[in-house]
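Have a look at the structure below before the remarks.
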Amino acid sequence: MISWLANPERFSRIFTPIRPYVGVAAALMFMWGLYLCFASPEDYQQGDTVRIMYMHVPAAWMAMAVYLIMGIASFFGLIWRHSLADVAAKAAAPIGAAFTALSLLTGSLWGRPMWGTWWEWDGRMTSVLVLFLFYIGYMALHAAIEDETRAAKSTAILAMIGLVNLPVIKFSVDWWNTLHQGASVVRADGPSIAPDMLWPLLVMALAFKLLFVWLWLLRIDTELMARRYRALRARLSFAEEGN
Amino acid sequence: MLKASLALLKRDIGLSWSRGGGPILAVGFYLTLMAMIPLSLGPETQVLARVAPGLTWLSLALASLLSLERLFERDYEDGLFDILRGGKLPLEAIALIKCLAQWIGTGLILALLTPMVMIILGAPVEAAGLSLVAAVLGSLSFALIGGVGASLSLGSRKGGVLIALLVLPFYVPPVIFGAGLMQAYLTGAPITQALGLLGAYSLFALALCPIATGAALRSALN
Amino acid sequence: MTLSLNVQDIALKKGHKLLVSNVNLTATSGDAISLTGANGVGKTTFLRCLAGFTPPHRGSIQLVENDSQLDGVSIIENYSHYLGHAEALNPARRVDQELQFHCDYLGGTDLSLREAIARLRLGALLDLETRMLSAGQRKRVSLARLLMVPRPIWLLDEVLSPLDIAHRALMVDIMQAHLSGGGIMVCAVHDPLPFDTRALHLTRPSLEEIGNA
Amino acid sequence: MLKASLALLKRDIGLSWSRGGGPILAVGFYLTLMAMIPLSLGPETQVLARVAPGLTWLSLALASLLSLERLFERDYEDGLFDILRGGKLPLEAIALIKCLAQWIGTGLILALLTPMVMIILGAPVEAAGLSLVAAVLGSLSFALIGGVGASLSLGSRKGGVLIALLVLPFYVPPVIFGAGLMQAYLTGAPITQALGLLGAYSLFALALCPIATGAALRSALN
Amino acid sequence: MTLSLNVQDIALKKGHKLLVSNVNLTATSGDAISLTGANGVGKTTFLRCLAGFTPPHRGSIQLVENDSQLDGVSIIENYSHYLGHAEALNPARRVDQELQFHCDYLGGTDLSLREAIARLRLGALLDLETRMLSAGQRKRVSLARLLMVPRPIWLLDEVLSPLDIAHRALMVDIMQAHLSGGGIMVCAVHDPLPFDTRALHLTRPSLEEIGNA
């Protein structure tokens, strides 16, 4: 299945028509989610600021999920040498970096009223910052190496090494006693969060996921077209050379 | 002359900005370094705030070190200087232009980020403007002095560490003035003196370093 | 305008080693000199010295234009092109960027740039990064300098050897056009050039000369 | 195989020690950096002693960065890898040997100096032994991880800053463990855990980094 | 022992460019192949592919020793020397250090090292640092590998062009000795070699082939 899809032409043929629907779905989910956010009750402790959560938590989830996707795509790229895998990983990176930046930003906006500081060097914040740095490193490396196939391999190696950071982020709250609160949605004994806060959160999370898929497909397609253009151009210039 | 200068400046800036160089790289590097500081020193806000200006300046100095190695050496080995000397610009001008391009490509970007970093490490938001001016001046002098070091070590193939050794002592005054400036600002002491010294040092560097670099280049090229 | 390059009795030294001594040469407009000699005898060093990159250990180099003597510095800046083994191409830049830079820096015009590209058939290489080029292609790109910025003296260090047969013929044409246009050419070679040249054969100095150095 | 490995090790160590490289250079750099720290932070002993272990570790990490650029790139451009691949050693072994040589040439020397520097900056003399062990372990992992960064960025000609960006996040754990170890020692807390983590990290690096570096080299060379 | 190198129908690609296709070659002990073609056609790429540094885009390369086929990897490790444009000499090391390293690393003996030095007349260069060498001297130092560590297949990329006349003659002798000792040689050249060789001329693929690639 994966290798069947890994053919770039087939991939474009299948997903280009689907893409607009994903975009529309993402927009609708965002509208619904945002409505729910503001309709949901204030927290008895945090007041209005709790609404930051509906941005912060989905963004943080996506920050990690996108990196995971990049890692997996890189793995496939290295083992089976599908160029589409590299395109997918490369296309995901800036989106993931944006989500990470968003979670850092909302986190620190939230930290100000909650903990009285914009920034605190606790385990989770730091490890998310490191995740952001991995994204930047990944993009910088991809940009720095001119040769396409080599860039693919080198960045794939980097992305896979960087995967070790994900468990660190996830469990940092358990390993270090820090300011950031522990898991309350994704935990073994079910969510411990009030349902009228859980709902908007889940809707927003889904909206973020759809947004990601839409952007991702868009970027993959752009990158594929850019590569096709380069290949064509190279062939053309070579054909001209004889004259 | 002007056309040649511009061509060289354009080439060198292009080289440092092309292929994901320049901004992303500088930002990423600086952020990484800044993240490491609290991690190694421990996150107590008080201590951090106390050492923040000094460490920011140290980082600025170190970041300026890291790209010095390729300031002249690659061009020297590729034979570019044979072309450069075949033009009308004297080696002093070539040195100045290359240092400026280096600065614009790295140091300046880092300087623009400095206020943000200081604030993250605990400096007050009001200090932003001052720290920006100081960082711009300081990074310029780092780039110019760095040029002297890079040209002196040309051809030794020792690169990085040797240049660092040659150059770091001369980075001390701007670091002291710069860090002292922030310190003074924070304690409410007068800041004009430190700022003046920093500016004077940069001006001096601007006047003298290209001459020294040009001389070192000339001797390396013969 | 006639130009004449007078090398009087120069000696060249590298480190503590005396490479050659008592080299004399007079070349006037239209002269092609082929510089020969064993490996390591000092051909490259001699060319670099003519270009003004290093002063000779002894002796003098003069350039006389229409009977008025020009001083040493201007030889490099305005009168000569030196093309050595190193092609001065930055591997991260494209051929067109490098050519444009060479042209702007040395004072060529956009027209001369386009003409040079056409003449040396570089069109197909323009959007390759220079690190991708083959040895002969690199050399061709560096040769473009000669055409972009007209200068009377060409100092060429084994430029033909990496070129293929077609491009050697092309370069020979270009060289002959330069000479008949009143240029001077000094060319270090191991294989003789396929047109009339004057030979300057460098040999190692005698033991006696080495002793005196 | 053994003869080839030794030949390569000897060549690389020779390169970093020859012509006044190696020890003198490393010592000089480290000392300069150490001298700059009190100057930039201000000389109050209390603050200094508080941040000394962290800063020493930071400097160790930064010094390991400085020579990374020439770990593979020059050999790559000179064509040495064409010869190296013509021998019997796999690229993983070549990577390991080159990293070890790099470590012996720079990192190890710096590690040996670490106790002294910490003491100068105000750590108690009794901590010397512990800090030595920790620094040796840490610098080894810096060199190995550095190898990964250097090989990944091969051929990009972006060098220094790019490598630093790739590598520094992975330098964070040893810095935390190492600085934490000294902190724990000074406050009388148990040290085995931090030391164990540091050792484990270095072992991991020793096992995994050559593989990653080898793979990156292979992709760069094709 | 007879050795035979069989190249079947290979195609080479660089980036998106198809350089050559349908290249066939069978060389057995004693064969010298001179590889010719225009600049940038793919001679260097072909040699590097034979050396095992890059896999061919299509087709296969086999080495058959006394009727038993050897696999690809061992071609590089035990059977061939590749000498390209880059001489792999670290500028900060002395010639003797570099030679000793090449010898130890590739598994030569001290005796073979001394013999190679004598044969290529490198004695006078031993204590120079390699960055001081002239172009021809550098090439000679890198050629020592061929003699220090005997391997049957020599893949040489324009090695003669920087050498002077005396050293070319010497190298030609060495090549002929290698061939008569049962070696195989593939040599990219622009000037024909002065002894009997088989020619392999690379040409650009037709437009049709480029389209199909």
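We just call them A, B, C, D and E in the order they show up, numbering each chain from 1.
What we mean here is this: a contact is a pair of C-beta atoms (placed from the backbone, for glycine too) under 8 Å apart; a residue touches a chain by one contact, two chains touch by 3 or more.
Just so it is clear, the structure is predicted and the values come from calculations on it, not from any experiment.
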### Query
Taking a step as a move to a touching chain, how many steps at least join chain D to chain E?
1
### Summary
Most heavily contacting pair of chains is B-D
### chain A and chain C: spacing of chain centres that average the CA atoms, whole Å
56
#### Entry: Cα-centroid distance, chain B relative to chain E, in whole angstrom
46
### Query
Taking each chain's centre as its mean C-alpha position, how far apart are chain A and chain E in Å?
49
### Task
Take the average of all CA coordinates in chain A, do the same for chain D, and state the distance between these two points in whole angstrom.
32
### Query
What are the residue numbers in chain C that touch two or more other chains?
85, 92
### Task
Pull out every residue in chain D that's touching 2 or more other chains.
19, 74, 156-158, 162, 165, 168-169, 172, 222
### Message
Residues of chain A that contact two or more other chains, please.
### Response
130, 133, 136-137, 140-141, 144-147, 238, 241
### Summary
In the complex, chain A touches chain E at residues 147-148, 230-231, 234-235, 238-239, 241-242
### Query
If you look only at chain D, which of its residues touch chain A in the complex?
148, 152-156, 158, 162, 165-166, 168-170, 172, 212, 215-216, 219-220, 222
### Message
For the complex, give me every residue of chain E touching chain A.
### Response
15-18, 204, 207, 210-211, 213
### Task
Please give the residue numbers of chain E that touch chain C in the complex, ascending.
14-15, 37-40, 43-44, 85, 132-137, 140, 158, 161-168, 190-191
### Query
Where on chain D is chain E touching in the complex?
3-4, 6-8, 10-11, 14-15, 18-19, 74-75, 77-80, 82-88, 221-222
